[in-house]
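Two complexes, one shared chain (subunit A), two partners (subunit B, subunit C).
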Partner chain A sequence: MSDAVLTMAGVEYAYRRTAALRGVSMTARAGEIVAVTGPSGSGKSTLLHIASGVLRPQAGTVRLLDHDLLSIGEADRCRLRRREVGIVLQFGQLVPDLPLIDNVALPLLLDGNDMAGARTAAAGWLERVQLDGMAAVIPAELSGGQAQRAAVARALITGPAVVFADEPTGSTDLLGGELLLDLLIGAVRERNAALVLVTHDNTIATRADREVRLRDGLVDHEVRLT
Partner chain B sequence: MATSEVLLALLGEQPRHGYEIKHEYDAWFPDSKPLAFGQVYSTLGRLERDGLVEVVETRQDGAPQRSVYALTDQGRRHLRDWLTKPAPAEGTSAEEIVRKTVAALRTGTDTAGFLTRQRASHLRRMRELQQQPAGRDPAFRLVRAHTLARLDADLRWLDLAAELTHRAQERGSNP
Partner chain C sequence: MKTATALLLARPASTADRIRAWSAAVCLGIAGGLIMIAIQITTCGGVIPPTPVGPGGPFSATGLSPLVIEEDINLWIVGLTLLLTGLVLALGWQLLRLGSDARERRMTTLWLAGATPEQTSTIAVIDSVRTAVLGGLLAGPAYLLLWVLLGALPPAGVKMVLAPQLTELAPWPIVILLTALVGAAAGKFTCQPVISTSPRAGRRTLWAGSRWATHTAAALVLATPAGVILALGMIDPGGTGVWLFGGMLLLIVAAPVVLGVLAVMWSAQRLRAHGTPIDVLAAAVLTGVPGPTGRAVGVLWICGFGVGTVTATGGIDLAHRLAYHPAEDESFMDFFTAYTLTLLVEWTLVGAVVIAATLALSMVERLHDARRTIASLAALGVDAATLLRVLRRQLTVPSMAAMASGTLAGVASLSLSMPSSNNLPGLLDLGVLAAVLVLPVLFIYLVAIVLASALRPRLRAAMDPENLRTV
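Then we have the complex of A and B:
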């Protein structure tokens, strides 16, 4: 597909002798939400770490936008990851000592933007995820759901082409999880970015356009949900 | 579902004629199969025979004649008793998906294939419901939440069945 943002083909990965992925291929297109599901240990999180360039597969190819993620240099890969990839993990993973506004502004600061501009953008995103008025708060003062919303703001602030979310509602309650997904999906759709949503929860998987189901490190089946 | 008792509840709100009962019933349970007119009238007939409802007015406003039904005292007591008693915790017969899975396993048909297709069908239905706004009416939201919870329970069972089937195949024996 021409508008594929992410293309993985024949990806294999093993932790020491334990095979986590045994030849997985998948794509995500611009504006598409893909749920990656499967029993625990099926390779969901490994797939996400490889797709986002955190882990390097032992075989296969990973293309992100127009780049071969495995053959470009480390500096290019880092830049690509900073600008075009947003990541939301299960527990926010915010920097404990930084006020919320700087946590959200961090990706822009790391990418060399000036502080004032980055903070203005971060303030806009805090409002967007319904955390306005909490700019000076540090992460320890937040509920699980609030921390996750801040993580969504941080993931989206650079305007990434693809967002990866690994069990993003894992630390929220039921209604908080719905709000989080509404905000995440709304922001992704608005930007026409791709969203790869790793989850074991069927009620979350159904928010996606397509399900890729893994079992034992292989794609068991794919289902179009729209 | 105990259609008779739900009809009593609808008449417990206010007296209604058959046509209104059907439409109000469908509004109470919008995700379920609509109630057939035939069933409304046959149920009302039975409830009237048993002394639980009575015709309190017959309207003839141009259109065909319409009987307005209301609860009798006995009907009101019956409704109150029904709402006091808990419903049975288990269904009395196996669900269709359980029957199909067992039949597929027993006859050596492609069980994994069936489970995958069933999973896809359940996911699509769930997505469809999630995308229809539930509105603010708390009763409506509860009905919707229950439908989704049941679909989710089915899905978890389907996943378990797929896992067990897969393991049994790997062992090369019947589960």
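Then we have the complex of A and C:
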């Protein structure tokens, strides 16, 4: 377990009176792809948001890259997310009206990098996700699949040690989804990063090393796939 | 984060955003100009001795209206000018808040991308300060424009301000500084990202019971001193001006902050009670996101208060004059015409512009914020005509109620606090009062109908199934 980049133990979370997670424990190691699956409402997205520091759990512990997420402040969690973590959400979550190149460069820009350098790096990633020539396009002009690929580029631009993806192929067609997944998994494997992938699609889950299945806010079972 | 990055992220990127920023800046500029005019009017009170009114002759050597020169009335004119300033500022605030849903989503997206709360706050502050400083810079030209309208164009005896001296531009830098501070506060306190709740960025939460309680408590906290002030005004007629002035300022703050949202929630309950599908849908949207309509309703309430105050002032003054001058005295009628024309034209024009702009902004914002709901309803088979009626209902019901109650409050507060109000010679009888109440309300209704038709293309855009994808 020494190479564990994410350790969650006894995590609980409730939205008002509705319990989303009821004592979930899981880990992810460097270079490992973990698929979190389960039916709708089982707590998959909540788990991902807690693991990535977007939400604070109401009980339990979360260690991400040697940081105890409950003991560090909001600003530190933001910095951690910006520098060492990549997040891809269901709808891309690109900044509206900001050109694509700046959207991809955003984590570097927020971290104080100079604009020219950040844009050069972003241009490289746009090319890699097959969006070269669309640097000046704003998110509203993109298709769902293109926006997701841009979000993947943004998540990977800082070379994160862990990538979290919530239904990354949710707004893409079948072929687009395959391409997106290839890009994501390829980039993660290349740098021996961990990937925590939330999906309800069993086909996508089969590409993971391990599957953690949730049901009613609890881990139903875990399966090693490779 | 480097300064260049902060400026890049704070830049209004879309055309709509740029229009919003410029419109807000223009409003702040006009408000700044009005403050400078108010300062100049203050300095004229009692300083220049009034010349006795002669038949057909000028009212004073300077050409200034006796309203400005006479010390007693001067305070009222300053108060009304500041009330106008409040209205324009409220409209500017509306414009700054326009698209706040989109801005919240933008901030939350930045936060998800790793921006710290301090960074998102900095970006929001830069955005607002830039607009506010632009507004402050426009205050100088706005002051000159207002001088042309109030000091150069009117004939002798009706002028409200003297030709500007260089020294009268001295408050300009202070106005710029003040608007910058207002902008910084607006950015700091109104553009917070939706953090640590849900990553579904910018999705506003429904009103919970606790928010009802908070707003009701805030309304009570603000309404109690306003009531005390008005009561003191009635007990102490000699100090009426000061008391009422304080009450007015308090109302300017209270109305947009709390009264508007409470009025919207009350209207939603009334609509729901009607039970027709259109009213129930209108009530649902109002309850879901009461903020934008609440702010519009707050502004309209102040508008109504202003209309009521000005009408009552005119009525009371006419009553005074009729009591002390024979009706056939031509000079008196000249005076009254000048008086009422200055105030009523000023108020009617500014009030009409503010009402129309407020309703338009509210409807545009509503169409944007509720586009997913509108697209869902369209997908379920609700046609454009019905949706248009829903939008109109949710706008007109709270707006007309706010205008009527504001006007009534304006008439009542001024009439009751005036020592000679019992001398009114029937001018403010029920018939006139009804007309004063009905006309602005009717105006709102007509503007809403025209706007609803004019915004049909925007409604069609909101009905686009593509909006079903928005979060």
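By definition in this document, the second predicted complex is superposed on the first by the 226 of 226 C-alpha atoms of A that agree within 3 Å, B and C clash if a C-alpha of one lies under 4 Å from a C-alpha of the other, contacts with A are read in each partner's own complex, and residues count from 1 in each chain.
What we mean here is this: a contact is a pair of C-beta atoms (placed from the backbone, for glycine too) under 8 Å apart; a residue touches a chain by one contact, two chains touch by 3 or more.
From a predicted model like this one, the values you see are computed outputs, not experimental measurements.
J.: With both structures fitted on chain A, tell me whether subunit B or subunit C touches more of subunit A's residues.
T.: Touched residues of subunit A are more numerous for C.
J.: Scan A:81 for contacts with subunit B and subunit C and give back first, second, both or neither.
T.: second
J.: Figure out whether A:193 sits in contact with subunit B (first) or subunit C (second), or with both, or with neither.
T.: A:193 contacts neither subunit B nor subunit C.
J.: Quick one: is A:91 in contact with subunit B, with subunit C, with both, or with neither? Answer first, second, both or neither.
T.: second
J.: Could you look at A:211 and tell me whether it touches subunit B, subunit C, both or neither (first, second, both, neither)?
T.: In the superposition, A:211 touches subunit B alone.
J.: Need the overlap of the two footprints on subunit A, from subunit B and from subunit C, as residue ranges.
T.: Comparing the two interfaces on subunit A, one with subunit B and one with subunit C, no residues are shared.
J.: Sort out for me which residues of subunit C touch subunit A in the complex.
T.: The contact residues of subunit C facing subunit A are 1-2, 4-5, 8-9, 13-14, 17, 102, 105-106, 109-119, 195-196, 198-199, 201, 469, 471.
J.: For subunit A, which residues are in contact with subunit C within the complex?
T.: 49, 54-56, 74-75, 78-79, 81-83, 87, 89, 91, 93-98, 102, 106-107, 109-115, 138, 144, 154, 171
J.: Inside the complex, what are the residues of subunit A that reach subunit B?
T.: Residues in contact with subunit B: 39, 202-203, 205-207, 211, 215, 220-221, 223, 225-226.
J.: Tell me, which parts of subunit B touch subunit A in their complex?
T.: 116, 119-120, 123-124, 126-127, 130, 148, 151-152, 155-156, 159, 163, 166
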